[in-house]
């Protein structure tokens, strides 16, 4: 039996540069609004008035608008990369150690974790990401290098690095993360040394990437797990589906419901101001603007993504 | 600018009867498994070995398989109907009284409600549905009649009734609901008498419908809010989008993440064993089987829906 | 073996009237401070500038100072009376239905109750008092009359009544209590109809008594359970010890630790502004002043009791 | 005005050796029951069948029964010593950083801490003890030495040491404590390095003392803060009252209500099986037996203390 559609159809009919330019114009009043993340100096000094947007399509095109070459700290967006690696390493056994449901709590809350005996609700809250980091550590001789290689290959950019200063600042300010990871360890849901797990975690968050880098690096998630350049399999289709579903329900902190409504696409945000959205079978859309709304998502970025799916009809609903 | 697709395309190429028959065959070993809801006698006595499935398409076709004419208690599925009514009555002011995010807690938990000062996380947890019922009561002279008319019109079936015995049993066993509603009242988030609100709520849950009824009754949510028969507007497109997004992130109790992965469609379930899914621009899919999994969703039903989107390619991801 | 002391010795050497007068003088600047309970009209209209104090000794003396004959709503102080009755009815089986430990939560919180599956932490938080009321109801043909008789006998004052207007106002404003009691019912920890339990509960809170009434009514708790007038046993010594221990650790809402430090005596407070303290083997001390501190205890009253134990050396520590 | 009693009178009339022997006989069936703490090897290997009891009176006598010279790990009992030091260092400003009320939660719960924004409920739950340890660290050049000196002086035994192996084991198993301390640090309620705070904390818990040592070391808390040997002031009377009140309401984990009833004295327990009780103006009573009840208090020890106050009439109630 043939499916009635190859998912979302093609982007051939769309004048994407025009769409992006129009969105940039429309959201201009929002750029610079919101609060730039300030808990570490390196993030606090990023100029608030930046805005960039990039679209990478399955047919190989890249469209950019605004500050798309500027590097920013991808922060929690990195949780999607490590989830890729952990799923490849453990397969569905991973779900014995981390849940797959939205949390309804702040991303760094300990309350739910205590009630649920050390099993984080999903891989995108911090505790879940610690477990994922632990899994990657246990299955790799050099986790940081492995992650770098994965991201560089996905983005087709060997110049991508982790910002050591950000990683160190994260560690020095990361008491809540130390609390969470030790708590997980007390439930035996961390196998490696807490310091090692968090060292890896702080480094993954410190990945410096551009909108264009991220648009490429997520493209296999729009392509059923296949690398759009080489045609080789990066991750199994079933796991792609799982990752996209998790981004849809848990990818934007405590605003997943709002994103489902406004954007209607699987998306993952970071406090560096980046948001990546995946249009299955069609494209990835990345937006970056450092000012955050009260839920911790890029204020102008969320508005831009909402307009993008409205203008292109790419929303699910 | 033209959207690149009219959402999901058409169902013309699909041999739906064959799909439904195949699914029925495949899930047969699951039918009768799980637990039939037993907290009230009328639900407890429903035979576990029932299974029905119905698909209604935008082009007017209805496809059925199994026990599709049998009436069952729609229970929480009714929350979508009352949300329709409340949104039409209050518009976006409704969101001052109820949130739009997944809860991460049991559907009838009071904990989160206390922490969030009487604002339920979403309209589909019980507390949220009480607020919605209260809104409908405040804006209608005869809420129960109004709801009946709405549902009968949507389903194009004037014979639909509320099962008085179910409603009475619900009330007599509904201490947790009385706790929730009084709690809401203590935060001034219920305007009417608690007894009146719950009387309406227990009656909405007691709606008796068939798979076919529900497939028709949800079709406007697959059609941008337009009645597929008359062409008249039932609810604004923006509100349809909101309702579908809410079903996607909060429609299946504490299994929304799992549903997003397995089914990949907005869906709403009830402890009567029914589940309704919406394929925007294409169709509705309804399944019913009384045995529930540990999260309270129809066990065979969830499996059937998962297979449906796999076989038809209608999943989002 | 003879105990080394008959508890606290005798009050013979104390010039209690002088102590009370001095305290009245000292706390005068505090009288009228704090907030008078305002959630029902009848309590809200009590003048804030009232202050009364009464001491009843085991040797039969009564000492009064200030507004000691004025009647006030004893509110939560009544929980000690019903605990007396419930313990007599059920004995130690009572502790299967209610705990004996401090709660660390607001007196009307539902959170802990949910976590502990419907067993209230102690008989003095509202949920615990509902269970106690339920027990009394189950073991008495006319609970309200039974309680009235008990209190009138203890206080040796047949004129004591329940203020019907207060009881009705409590009911009309008591949504949180309805929430709690229905919640208990959902855990099968209420046997009677919720409305009946709360009707009794609201009436017990509506008892109108004076400082002098209360000083007499608690005297058996300073006397090992023996009525100081008739010499008959009111309640077994072991149960007296239990009640006093509960007042010590849980009698003053979320300020039991502070009371243990400042006052160092078993005490029970009510939002009507009354506080009763028991000096085992010696006396009872009652204070009343309607202005409450942020924890819900009489502001001037707590200060007066603290001074009383300092001046008399009657504190435990 | 003269207080009516010098607190609890004198112990002159009591035949304490006979009382202790009788209690030993009575509780013999309980010795060896319960669970010996097993989370670190050094504690796990303590023989369960030990029982010791010691009484030190203000007039200089020491009475012992059973295994009173055997050294055991005092664990949480040490929290009273560090509270002494912290109160001397900071005075009442200490209460800005830690509360004084019972918690109603497990001693190592993070939930309440999150809700109350990093202010532990009292100094005897682990988080509270971490804050206390932090205060001592901030006000002393060599905190560990300072504590050792304080304890040796109080116990009049220069041979008291900290068991380094216990301290190291605690650290290696102490993930929950690391979680708590990092959590406190995230709320800025820890000033020193988390590792330093916990290193001190684990060492305080590792103090090895006998029943006799502890009986002497707590005697100033029965003596208004005055050293019974030298007559010098160890801690101000007001602070003694505060410490005793805290032991009364929070000294025995989640069994303070039960202890108030059964024992009726300020007491502090540890998972090493020790319990210290203070009879103000009269004596200290120490009991040790390693088997713990489900709340974490010595099972035979609690029974022994209960019998002690019954037989001597020294209970408050």
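By letter and in written order, the chains are A, B, C and D; residue numbering begins at 1 in each of them.
Here is the rule we use: a residue touches a chain if its C-beta (ideal position, glycine included) is under 8 Å from a C-beta of that chain, and two chains touch if they have at least 3 such contacts.
Keep in mind that this is a model prediction, so the values were computed, not measured.
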Relative to chain B, chain with the most remote C-alpha centre: D
Between A-D and A-B, the pair joined by more C-beta contacts: A-B
Rotation angle superposing chain A onto its copy chain C by C-alpha atoms, nearest 5 degrees: 180
Distance from the mean Cα position of chain C to that of chain A, given in whole angstrom: 57
Chain A and chain D, separation of their C-alpha mean positions in angstrom: 49
Distance between chain centroids, defined by C-alpha means - chain A, chain B (Å): 31
Two or more partner chains touched - positions in chain A: 115
Contact graph of the chains (line, ring, star, complete, other): ring
Chain-to-chain touches, reported pairwise for every pair that qualifies: A-B, A-D, B-C, C-D
Residues of chain C touching chain B in the complex: 109-111, 114-115, 175-183, 185-186, 194
Complex contacts: residues of chain A adjacent to chain B: 1-15, 18-19, 99-105, 112, 121-122, 240-242, 244-246, 248-250, 254-258, 260-261, 264, 266, 280, 282, 311-317
